[in-house]
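The next block holds one structure in the form of C-alpha cells; read it before the comments.
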Amino acid sequence: MNPDTSSPILPPVKRVAIIGASGYSGEELLKRLLQHPGVEITLVTSRQNAGQTVAQVYPRFGSQPVARTLRFTDPQVDAVAGQAEVAFLALPHGVAASYARPLMAAGLTVIDLSADFRIHDPAVYADFYGGAHPAPELLAEAVYGLPEIHGPALKSARLIASPGCYPTSILLPTLPLLQAGLIAPTGIIADSLSGVSGAGRKAELDYLFCECNESVRPYGVPRHRHLAEIEQELSLAAGARVVMQFTPHLIPVNRGILTTLYLSPSDPLTPTSVGEFGQRIQQCYQDAYGSAPFVRLLEGRALPDTKNVVGTNVIEIAWRLDPRTGRLVVMSAEDNLVKGASGQAIQSFNLRFGYPETTALN
Amino acid sequence: MNPDTSSPILPPVKRVAIIGASGYSGEELLKRLLQHPGVEITLVTSRQNAGQTVAQVYPRFGSQPVARTLRFTDPQVDAVAGQAEVAFLALPHGVAASYARPLMAAGLTVIDLSADFRIHDPAVYADFYGGAHPAPELLAEAVYGLPEIHGPALKSARLIASPGCYPTSILLPTLPLLQAGLIAPTGIIADSLSGVSGAGRKAELDYLFCECNESVRPYGVPRHRHLAEIEQELSLAAGARVVMQFTPHLIPVNRGILTTLYLSPSDPLTPTSVGEFGQRIQQCYQDAYGSAPFVRLLEGRALPDTKNVVGTNVIEIAWRLDPRTGRLVVMSAEDNLVKGASGQAIQSFNLRFGYPETTALN
Amino acid sequence: MNPDTSSPILPPVKRVAIIGASGYSGEELLKRLLQHPGVEITLVTSRQNAGQTVAQVYPRFGSQPVARTLRFTDPQVDAVAGQAEVAFLALPHGVAASYARPLMAAGLTVIDLSADFRIHDPAVYADFYGGAHPAPELLAEAVYGLPEIHGPALKSARLIASPGCYPTSILLPTLPLLQAGLIAPTGIIADSLSGVSGAGRKAELDYLFCECNESVRPYGVPRHRHLAEIEQELSLAAGARVVMQFTPHLIPVNRGILTTLYLSPSDPLTPTSVGEFGQRIQQCYQDAYGSAPFVRLLEGRALPDTKNVVGTNVIEIAWRLDPRTGRLVVMSAEDNLVKGASGQAIQSFNLRFGYPETTALN
Amino acid sequence: MNPDTSSPILPPVKRVAIIGASGYSGEELLKRLLQHPGVEITLVTSRQNAGQTVAQVYPRFGSQPVARTLRFTDPQVDAVAGQAEVAFLALPHGVAASYARPLMAAGLTVIDLSADFRIHDPAVYADFYGGAHPAPELLAEAVYGLPEIHGPALKSARLIASPGCYPTSILLPTLPLLQAGLIAPTGIIADSLSGVSGAGRKAELDYLFCECNESVRPYGVPRHRHLAEIEQELSLAAGARVVMQFTPHLIPVNRGILTTLYLSPSDPLTPTSVGEFGQRIQQCYQDAYGSAPFVRLLEGRALPDTKNVVGTNVIEIAWRLDPRTGRLVVMSAEDNLVKGASGQAIQSFNLRFGYPETTALN
C-alpha cells in the first residue's frame, strides 16, 4: 500500500505547455507530466513533429488515451501564452531564451531545461557559450533549480533554470561539504561517466550504436561548458571563487551518470583524526539530506550503481576517506534524464505550485 | 492530468504475502505491489535473504520507507497463512505446488507464477516437467491467468496459474485468430527472442555478462517446456489438438520478448482475397482487444519493438499478409517480467478482487 | 605453431584498389587486405574522406605504417584503372555498376560487394530494387561469390558478385539439402537476427545507440530485397522456382547474424524414419562442407552462437529434427561483416588468384 | 601487403605449456599462441576442463585443427617439466607461485600472469594480498614484464611477472613523465573504467548480464590490490616513495580499460609556460615510445577510445594541459586481456626468446 495515495487537498490543476518535446528529455517530461494529477498538458510543440500525435512520435505512450489525441504543434509564442500558465522549455541553449522572454511577459511561469538562465554572470555565459546572452535582463530573477539547495527561492520563482545532468551529480555531493567548510575549495576533481542519452537524440555518426557499444571514451577535455554553472554554485557555497577539474566520459548505457569526486579535507587527515572527520562528514550529509526524498545516502559497504537509480528521481551518494592519500572520495549516481533533467524540473514545479514534492516522481 | 486518479471507491485493502521474492520476477512484483493502493504487503520470504530488509536486497527500493523496514523471512506456511489473505508464489516449479496446497487449505487465494498449475493434464505435466504432478487434485480448479482470455473465470478463482513469458507473447496474438477460424491449427511456428532476465537470477556461467553480450543464440531446440501450456491453450481455442514449432533465442537485452509467428490462413490467399482477408484479421483483433487496456494493436507501418513496452504491462501486436507465400506473419513484443510475469499476475489480482484492471500497472 | 606459415610459393602480388571504403564493410576489407601477403593496396577511395589517411579515418589502424601514409582519394575511374589490377567495390547498389563497367573495360577484375550483379534476371532486379539495371550486359558473366558453392566458376571470373550477409546465412545451410532433394522447395522460412553494423555507417536516428540498445525489432516485413538473390540461388539448387518467407530482425550487437530455418523433409518423418533421415542430413552436410575451411558443422548438443564466429570468416551450422512437428530446424551463425561481406569477398579473391583459401582470413 | 611477412630467420620453436587456461586471459593466450610461428603448445592444463579438447571448451577455435586434438589435462608439475621449455601461468595469485618454484627448478622459463611475483617486497605483498609470500626467494630475480620499460632485463629473465591490466594502463602513461621529472610524485590520481572480462570467468551474481548491463559502478574504493605494484613502479621511476589514489569502475563492455590520470606539473603552470611545457611532454613521450610498436601517441584532437584498441596489443595515450587548474590530464586506452594481460605476456616472450616483438600480436 502506498501511503502517499491518501488524498491531500491538491492545488488547482495547472495548464502546462511543453516547448520542444522531441528529444529524450522532452519524452521523459511528457511521460511524467501525463501522469501528474496537477497538470493538464494543453500544448506540446516540436517543429519537426508538428501535426503528429504524441503516440505517433513516442509509440511507448500509445496506450494512454491523451497521447493518441494530443498533437504536436509548431511552437508559436502567442498560442502558448494563450493556452498555458506554465511552460517547460526543452530547447537548445540560445533558443530557450527567445521563448522565455515573451512567455514571461505574458505572465507565464517558465521552467527552462536549457543552460540559458543557469549562469548569473553574462560574461561567464559569453565565455563558455560563445556570444552575448540573449536576455540578460532576466538573469537576476532566474532561480537555479536544484530543489535540495534552492528550495525556498523556488517557491516563488517566475523563471526556473533547471540544472544540467553533470552539474547535479557533482553539486549535490559537494555543496554541503563546502558550505560546512569540511573540504578545501581548491583541487576539486570530478570524473564523470554518462550514458549516451545525454548526447541527445541527434542523427550523428558519433552516437550510432556501433560507435558507442563496446566503447568508452573521454570527451570535452579539459573545458566542458557545464563547468560554468558548476563553478558558480560551488563558489557560492564556498564563499570564494572555485575552479575545478572535470572530465566527462561516454559509456555504453542508455541512461545514468556516475560521478567520482576527489576532494581534500580542510584539515590534513591524520590516523587519529580520520574517525572523527568521518563522523563530521556523515553528520553534514545527514543534516543536508536526511529528509530529502530524492537523495539516498548509502550505508555500510554499499557504493552507488546507476542501475539502482535509473528510471527514478533519486541520486545515490557514498563516500570514503583514504588515510593513505589523505583524500575524501565521494561517488554519486543518478539518471541523467530524471534527476539530471526532467524529473528535477518537475520537482521544482511541485515546489513552486504547492504539490507534494514527489508527485509524478515515484 | 491522469484521469484515472479520480477516486473510485476501492475494495478493502488485502493483506498479501510474496513467497520467494529473490529473483527478477519477485523484484518486479515487489516494486509494483509496494505502489498498489489495495495491497498491504505483510510478508516477503526468501530463504537466501532471510533477515535482510527489502532495501538491502534491492537497493533501488531504498528510498521507500516500507522497503527499509520490511524484512525477508524464511518461508513458513503457518506464518503466511496467519498473516495474509493472498499469496503470490514466485518459486521454482515443483516447489510452488508444495506451498499452494496448505495455503489454499488455510483459505488463501493463491496466484502462482510457476508452471505448476498451468497444465490441466497431469500426464502432459509429467511428460514435459519430468515426474508426477505434486498436487494433481488442484489442477481442476486452477485458472490460467491470461486476463484478456480468461477474465470472467479469474473473478472467482481461488488458484490462478499465471502464464509464462513466452506463452503470453505467443497466445495473445494467436488465440483470437484460431477461435475465429481464420488460421489453420496446423503448421504454426513461433520464433522468439528473449532478454537475459528470462533466465532468472542464477549464478551460472552461461548468463555472465561476457557470455551474453555481443552474442545471440538459440536454445532448448526443438522442445521447450513452455510448449505444454502453449499447445494446451491453442488446442482449446482451436477445438482440436494443436502441435506447434517453437524456437527460443537469447539476446543481449535485460528485458523484452519479441515473437514472430508464421501462420497459415484457413483459406488459401489469392490476389483478390488478400484485401478482404486482411480486414477480417483486423476486425478479429479489434473485437478481441479493442477495449483491452494492455494490448496495443499497431497501425500503419509500425512494427513491434521491445523498447516501446519494456517497463509496462503492454503487449504490442502487428501483422502482415504475404501474398507471395500465402502466409500471415504476426509479431508481438512484451516485457517478459511485466506482461510476461509479474504485471500479468497483478492484472489477475486486480480482476479477482475488484480493483481497476490497470491499478499499479501504469 | 601455425602450420600454415610454412611458406608455399605464392602467386605474384596484386595491385588492389578499394572503392568506397568508408563504411563498416570497407573497414573490414581494409583491415584484412592490409595483412594480405598477396595484396598491395594502391588506392583507397572515399568521397567524404578524400585527403585523409587511412589512420585518420580509422584510428584503430593507426599503428600500421601503411595506414599512416595511404590517403583516401576521390573515386576516379581513370586513376583506378591505371593503378590497380583488381578493384573491390564497397559502394551502394546502383553506384557500383557505374564503376564496374569502365573498370572491366580497362581489364580489371572486379569484386563487387553490392547487390548490383547478384541477380541474373534484370526483371527481378527491377522488381526488387526499383528501376532498370544499370549494366545488364554484364549480368551474364557475373559469378555469385559463394565460394563453397561456386568455387570452380570463381577461379576464372572477371566479375564477382559477392553475396549479402543474410543470403550467406540462409544459403549455405539450405543449398546442399535442396540439391540432395532432402527437403521440399516449398514452405521454407528463414528468421534472421542481425547486428546493427548490417545497417551500415549512416547517421540516421533509427541506428542511434539509444534507439537500438535494449531493443529488438523486426523490419522489412514481409519483402526484404535480399529475397531476390536468395530465391534465385535456392531455385537453381532445387531445379524449381522457390518462393520463401524471410523475416529480418535488428538486435543490439555490433556484429553477427543468427538465422533459424524452418524446413520440411521431402518425405514425411515417421518415428521409424527419423534416425535414418538424420543420418542422411549429416552425410549431406559432411559431403558438402567436410573440407570447407570456413563451415563449422556443430556436433553433439552444440548450437550456433554469434560470439563464436564474430571476427572470423566461419559460419557455424547445426540442425535438429523435430518428430513432433515433422520439421527440420537448421540454425546458422556468422559475422555479417566477414563471412557475410568482406571476408567472403577476400575468400573469392584468394580462389580467383590462386592464394590459399584462408589467406588473411585467420 | 604486410611487409613483416618477409621471412627473417626465426629462433627455433619453443615447446610451451599453458597452465590454467580456462578463463578469459587463458583463452586469449591460447588464441595467439596457436598462431605463433615460434610456439608449439605441448600442454594446456585446467582442472575443471581436463579431458576436453580446446575446441570443446572454446568453440570459437573449433576450425583450427590443433584445437580439435589438443586436450586439457590436470596440471601436474612433472608432466609440464617434461614436455615444455616455457610455461605461461594463468592461475590465481598464491597458486601461481606453487607452480613457478618447481618449474624453474626443472629449468623452465616461467611467464606468470598472476600478481605473485610482481611485488619486490614480501612485506608489501603480505599487506595487500594477506598472508606471507609463498616463494619469497624467487622475488629477487623476477622481472616486471612491462616490455617498454624493462625490455633489456626481460631478454635474459628466467621468471617474468607480467603486469596487471590496471597497472599497465596507469604506468605506461606516467613512468616517462616521472622519470623525466616533469610531474610531481605526489597527488597522482588514476580513475579507471574496466570491461567485465577483467573480473574473470566466474559464476557470480555480480557479473551476470542483467547485473552489469545498463549499470556503472565503482568498486574496491579506496584500496585496490593493484596499488601495490603500481606504487612500486612509480616509486622506482620517481626515485621516491609514491602513494597514489586509484578508483576502478565496472562498465558494461566485454573488453577495454580507459584510464584518466590527474597529474601535477613539477613547476606551476603559468600562461606563458604552458606552450613550452607542452612541448617537453610531447618530447618526453616521443623519446620514450616513438619506436615502441604498441604505444600509440594520439595527435591533434584525438582522444583514446577503447574501441580502437580492443583486440590489439596497442595502448593509446593522449594528454591535455589545463591552464585553468594547472593540471596535466593524461588518458589511456587498452584491451585488458591483450596489452593488459595475455598480449603483453607474449610480447615479453618474444623479447625473451628473440622473436620480432610483434609476432602473433598483430
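By written order: A, B, C and D. Residues from 1 in each chain.
The rule we apply is simple: a contact is a pair of C-beta atoms (placed from the backbone, for glycine too) under 8 Å apart; a residue touches a chain by one contact, two chains touch by 3 or more.
No experiment lies behind these values; they were computed from the predicted model shown.
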Counting C-beta pairs in contact for A-B and for A-D, the higher total belongs to A-D
Can you tell me which chain lies farthest from chain B, using the average of the Cα atoms as each chain's centre?
D
Whole-Å distance, chain A centre to chain D centre, using C-alpha means?
40
Using Cα averages as centroids, what's the distance between chain A and chain C in whole Å?
47
So, what's the distance in Å between the C-alpha centres of chain B and chain A?
36
Multi-partner residues in chain C (2 or more other chains touched) are 211, 213-214, 252-254, 305, 307
Flag every residue of chain C that touches chain A in the complex, lowest number first.
24, 196-197, 201-205, 207-214, 252-254
Okay, in this complex, where on chain D does chain C touch?
1-3, 5, 7, 13, 34-41, 59-60, 62-63, 65, 214, 293-294, 296, 298, 302, 305, 307-309, 311-312, 314, 316, 362
Mind pulling up the chain B residues that touch chain C in the complex?
189, 191, 193, 211, 213-219, 221-223, 243-245, 247, 249, 251-256, 258, 260, 262, 303-307, 310, 320-322, 324-325, 327, 329, 331, 333
